[in-house]
Each structure stands twice: as structure tokens, then as C-alpha cells.
Amino acid sequence: MMDLLYFAWVRERTGVPREKIETTAATVMDLVEELKARDENYALAFADLKSLRVSLDQELADFDAPLEGVREVAFFPPMTGG
Amino acid sequence: MMDLLYFAWVRERTGVPREKIETTAATVMDLVEELKARDENYALAFADLKSLRVSLDQELADFDAPLEGVREVAFFPPMTGG
Amino acid sequence: MKILVQAEDFDLAQVLKGFGKAPNTGATVSFTGLVRDDSGTLEYMEIEHYPGMCEAAIGKIAEEARTRWALTDCLVIHRYGKLRPGDQIMMVATAARHRVEAFEAAEFLMDYLKSRAPFWKKEVTREGAEWVAAKDADEEALKRW
Amino acid sequence: MKILVQAEDFDLAQVLKGFGKAPNTGATVSFTGLVRDDSGTLEYMEIEHYPGMCEAAIGKIAEEARTRWALTDCLVIHRYGKLRPGDQIMMVATAARHRVEAFEAAEFLMDYLKSRAPFWKKEVTREGAEWVAAKDADEEALKRW
């Protein structure tokens, strides 16, 4: 089981802030493809990867990073803190 | 009449914080020569011009600046504020 | 080193009272970010955050600042939730031996918090709501370090 | 814009309470300089000043900062007299629309106060008394502006 979290406009597009999934996706990219195939909302949320960031267990990661052993994946736009 | 002010180690060398003088010195440099000629203490205070700064009526100035119309001249080492 | 991620406002004065008292501190710098209303139509700003990752990310940034500039003290407070024009969003404070170290560390913290701490700002105006876009200049600013 | 040259200590917390409240202020920066005791033998520091010229010189420096970075607020306090390790020597505070302006203006003020405001520091240790020499690095710092 893996926790998926969405923030800011990614959350608004998927329609949920978090969910639990079972997946065999090997990398973040595989997971993204799996999510995009779900429905229009997810397809829209993940349409432009350049405007997305991903974290694995609360550490920023790349889209080709492996998912093995990862328990929490979050997708969000570039951060605007400060 | 002109007010002369001395600060920090310049004051310690001249032995006075301020004095009033009558002078016909045309420039700061002329005034410095006049003061150096007074005695050993003044000669020591003005021995190394590179380590001295001068202000005319509370504005930093150069040693070749004219003294005409100036009422207050101050000599001091490079400032160490902040 | 102190890191707080909170919805509540903070009292800058109170926070700074106990800050930078370590021996051999010669300089302290504080920065405060406030909600501006450039358009004159801003009703409020909603700051979303990623609980847990915020503290972890800020902790790593602050720890790097602390070692890199040999800080004698370091503090970050970042708020989330609904903030109105004039409200305090966040603050950083640094203490070091010399002024250059305190200034650089504070700017480093700010530059990294802008682009690497998981907060997202949404502006709600009378005309509607919009997520604040990350600026290229903010990403660019990281290259200085 | 507020400039104070005084023997008395100041309450940083109190001073900042009323600072940077002008509309469209998005960032405030404060800097505080403290007496350090590097050698472990410092008894006190004596700060001599040139009354009148201090206020005039700081006023000119602050006015330049205000216009150059479009500051919405600006404040300088500098003390003179006998100060002990840990005592506050001076502070500057700047308020602007964006962080970069507030930081740059504060650093500009500090760099200029160091070398262009008529204060002189003397360190009195158990071994004797010595005037603090101006550093080449401080003069060098002015070239940035």
C-alpha cells in the first residue's frame, strides 16, 4: 500500500487531497502513466510534467526515481513559500 | 575664528578635544602644517596623513580642500562605526 | 535552532527577545515577510502546506545554513492558512560572529524557503482565486549558493 | 525614517513593534550589532562619536538607501559610550515591497555606517586600551554599491 498526496492545483484537479493505492509501478513515471489513465481529471492534473514536482517519503525526487520501498508519494506544483 | 575638533587617537595626541583658532591657512593641508609646527604632540598627531580623515563643517573633505568660509574643522582616524 | 510551522500569528518582538544570546554573537539579522495587496483587490491569501515535509525540508535548509556560516543561532517560523493583507507570513532570524555571515545566511534561508519548502500560495481577490506561480527569478536566486 | 544617536540601550522588540507598517510593505529586515569578546579579556568598549555630524552623516546614508530601494520605512539607531560584551551597539531596519530590496538596503546601510559614520571604537582589556583599526575589507565593501 502506498499513500498518494496532492497539493495546490494538483489536488484541485484530482479532486482528493490523498488516497491509498496498490501499484506495481516501478518508477514515478510509471505511476504517473497509471494515474493519467484513470480519468479526465487525473489526465489533466498530470498533463504537464514540467509544471509538476514530486516527493518520495517527503524528499524531493525526479520522475525517473524508483518506487521500491516508498510509502508516501506527493505531487504538487513548484513551491511558493517564503 | 574657526573651531578645531579632534577625535579618537588624534584627540589623545593633541591632548584637547577642541579649540578655537585664528588662521590664515588657505587649505586643510596648510592648516595641518601650521598645527604640526606647534609642538611634538601636534607633530605626532599629524605625522601620518594617510591614517587621517578630515571633515569641514561636518562633511568629509580632502586635504587639499579650501578653508574659506569654513567654521568647523575636525580631524580623526578612519571611522569604525556599525 | 528553532523551526515552527503554524497557523497562528507570531510576535516578532517576543521571538527576537530571546534570540542570539549565545556568546560571541556579534550580529543578528531578522527577516519578516508580509502579505502585500498589489492589486488593491486582495481579500486574503490561502497558504497550503505539506505537514511533516515542511518541518523536514526547513530543518535541512536551516542545518545547512548553520554549518555553512557557523551560525550561533538560527530560527524559522512559517505560517499556513488564511492570511490577510498586512499579516505576517513568515520570518527567519540568524545570529553569527560577523555581519556578512548573518546577512548571507538569512538570504540563503529565504531563497531556499521560497522554492524548496512545500508551501503554496493562493490569492483570493474579488475577481476570483488564483495559485501564485513560482517565479523563474526565485529558482535563479538559488544559483548564488 | 528615524535616526537615533544615543548613549542609552534600545529595546529591539519595542522598536520593531511599530516598524514597517506602511501599506505595500512585503518585507522587513533588521540588523543588530553586538559587542563581542573575541580575546576573552575585553572589559568594555568605548564608542566615541562626533555629535551633530553623526546624525547628518547617517541621515544622508539613510536617505540614499530610501530612494535607491524605494523603501517604505527605514530606521537607524547607533549608541555611543561605554558598552560591555553582549551589549547592543546599533541596529538598522528596512522595509520594502520585496525581500531583495529590504536585504540590499540593510547591507548598504551597514556597509556605509561602518566606514562613513563618525564613530570610533576603543577596546579596553585587562592588558590595556586600543583603538579598533578600520579594516581594508570594510572600505572594500563599499565598492559593491
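Letters A, B, C and D mark the chains in the order given here, with residues in each chain numbered from 1 onward.
Simple rule for what comes next: contacts are C-beta pairs under 8 Å (C-beta built on N, C-alpha and C of every residue); 3 or more make two chains touch, one makes a residue touch a chain.
Predicted, not measured: the structure shown is a model, and the values here were computed from it.
Shared contact partners of subunit A and subunit C: not a single chain qualifies.
Each chain gets a centre from the mean of its Cα atoms; the one farthest from the centre of subunit D is A. Once the centre of each chain is set as its mean CA position, subunit B and subunit C turn out to be 48 Å apart. Each chain gets a centre from the mean of its Cα atoms; for subunit B and subunit D, those two points are 26 Å apart.
Averaged C-alpha coordinates put the centre of subunit A at 72 Å from the centre of subunit B. Taken residue by residue, subunit A touches two or more other chains at 82, whereas all remaining positions touch fewer.
Touching of two or more other chains is recorded for residues 33, 99, 110 of subunit D.
Contacting chain pairs in the structure are A-C, B-D, C-D. For subunit C in complex with subunit A, the touching residues are 33, 48, 50, 52-53, 56-57, 78, 89-90, 110, 113-122, 131-134, 139.
Within the complex, the subunit D residues that touch subunit C are 12-14, 16-17, 20-21, 23-38, 85-86, 97, 99, 102-103, 106-107, 110. Considering their complex, residues 5, 7-9, 11, 55, 58-60, 74, 76-82 of subunit A touch subunit C.
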